[in-house]
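Encoded as structure tokens, here's the structure I'll be asking about.
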């Protein structure tokens, strides 16, 4: 089951650039939360701080408190543990091209030392079913490479790979922006299904997408979290003038 | 949950991670160590053995102290000048063809590929080829044959860097010139080539540095000579060749001269390579590919 | 400037440049042709058995290349055995671990190794490496690894092992520089994909980097092999130059390149010379094939579609 996320006074930098400025918010468990805002507003940096991917860039750093469940991920856990508990799906589908479909999904489990074939088979099937990909790939699980799938299938494979290790939180950084409309719709359906079991945080520049899948939405602008509220409220009656400008398209 | 990781597994993985980091750092140290071992020892032995006579005197016969490698230095200069004179224009021409005329055509790709493969042919093979082509028909060893052997080795490097450097010239510059009605050949020579010239010059220096230390192709072409070079049609002394002969000789005095010669050679090469690196930020090895 | 003369000049210029480019083909063809021509005596006399016979006796006019093929392959593979792990270690260190500020200096230092001429490596090996091998490394290996049978016989310091070590240092920069390029060509999204699953840095390198770059790395190793097969001077100076199949890593050996370097100018008799040129021809053909394979592999990775499965 998913857990909630509490963020207190989170700041992040790329080199000298202050990209996140004092972010505070609480993301509820087992729901989908969307983060919107113009490009460069800090929404991607924010999700990358939630699983400590931000710091993999040598010039990047972050300060503040992020509690996932009861764990302060910057104090009480190593990045390796954090990232195992918090899955991530990227903008560009990145299946491992030298691995079969099966091995792609099993890769996270194998890293964690699971070698039992029966367990692996079971988890691979369950994850692919959850990612709505099972029927399309079940006949060539081990014969086809992850890179041989279409873009939309690749992204669902990456989702299956991320949920196979049974994370508590699933971060999605613009997961559909590189996909065609049909594939995008499938991903959105999937998010709808998955949010009962996982806490999902999705970054998107597509406001309709946020409105369709998320219970809560946060609006970022130049490193600040301008407004965070129920999606309905954000899209119908925002409290902040800047949010209103953005969602009505009056903004850059 | 049934498949949460165990702590033991995390510990083993972290240990593997640390081992890997140590090994990667260790291999870097092990790779750089011989470089310093060689350079420091060379500097120590070379400086001890260098003197003015080294640069001004001819070699002396065994048993007579003193003597130098003046004729070898001049000989190397002549051979390298000849090689540059023959190899660089051909290489630049081929590079111009590849970028300005070749485009993505099959012929151009085949030429690129052949140049890369030619770059990997052992230098000793160039030596026997030049011997068979030039020394045998002429019936004598010669500076000319040595120059040809080294020129052939310079061509692929010069070709590939010229092409790469021409690619850095913005197309707008060419189009501007062509738009003024300047014919293509003048555009290439005065606009493209001129704009790319710093890169092309460094490419040529790279090729020069790579052949300057070559010994194997000189064995059966330049052959070596105890006297001052007099003509391109005679056997000629060369620095790397002389270092080789002295290094494998049994005489301490000659060993001393070999170290001095090696120091001079390496300074010559290092200066040009470092200059190349400083000017273009390119590596020694990237030149040929 | 008249249009007409411009057209003629342009065509002449294009033809001239094409000529330069075609001369690269001509060079390769010319080398091949002349080597075949000058080795025809030996080709005719021995046929393919030249590469199966193991006696090399100029006095009796009997020539077989087996000892040289053996020495060449043994020294090259030993050299790769030493150089490949180190080269990969350096390539990974530079790309994946090293602070950005150190990247360029370390790359530069490893490439300087490539700038040192073969004859200088040989000189250093004769006066520094050989004594070390004779006094320390050799006895150590004999004492602790003698049971493997690889370190039989007297240890003079010169021989197969010393030659392989100097060869390893020489091919290292070639392999590490290409490996660095192919590792760099692995898209960052692959690294992030592995890290996001909760991988350590080593797991990220193993799964996300080395696994994806493996074809290019094989290419780099083969390129190093090509260099090792043809390397002449340093090897000639320390391998011992003895035309027999070495029975131990301490034993003197001979390579294709070093027998040419040593005996070419002393070769008396047309058949002797022709046999040496045939060895050169073999070396030429082998290195061309090896380099062609390596270039294709590296090309597939650095300019082809890296996300393609294999």
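Chains here go by letter, A, B and C, matching the order in which they are written, and residues are numbered from 1 within each.
The criterion applied here is as follows: contacts are C-beta pairs under 8 Å (C-beta built on N, C-alpha and C of every residue); 3 or more make two chains touch, one makes a residue touch a chain.
Note that the structure is predicted; figures quoted are calculated from it, not measured.
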item	value
Maximum centroid distance from chain C, chain identifier (CA atoms)	A
B-C or A-C, whichever has more C-beta pairs in contact	B-C
Identity of the most central chain, Cα criterion	C
Approximate Å spacing (C-alpha centroids) for the pair chain A, chain B	51
Chain B and chain C: spacing of chain centres that average the CA atoms, whole Å	16
Mean-CA-position distance for chain C and chain A (Å)	47
Multi-chain contact sites of chain C, meaning residues that touch two or more partners	200, 203
Sites on chain B at which at least two other chains make contact	13-14
Residues of chain A engaged with two or more neighbouring chains	80-81, 84, 111-112, 165
Chain A-facing residues of chain B, complex	1-6, 9-10, 12-14
Residues of chain A defined as touching chain B within the complex	80-81, 84, 109, 111-114, 119, 123, 165-166
Interfacial residue positions of chain C with respect to chain B in the complex	1, 6-7, 9-10, 12-14, 16-25, 27-28, 30-31, 34-35, 37-38, 85-90, 92-94, 97-98, 104, 106-124, 126-128, 169, 172-174, 176-178, 200-203, 205, 223, 226-227, 229-233, 237, 257, 260-261, 264-265, 276-277, 280, 283-284, 287-288, 290-292, 294-295, 298
Chain A-facing residues of chain C, complex	99-100, 187, 189-200, 203, 207-208, 211-212, 214, 306-310
Residues of chain A touching chain C in the complex	51, 53, 56, 58-59, 80-85, 87-88, 90, 92, 94-99, 107-108, 111-112, 145-148, 158, 161-162, 165
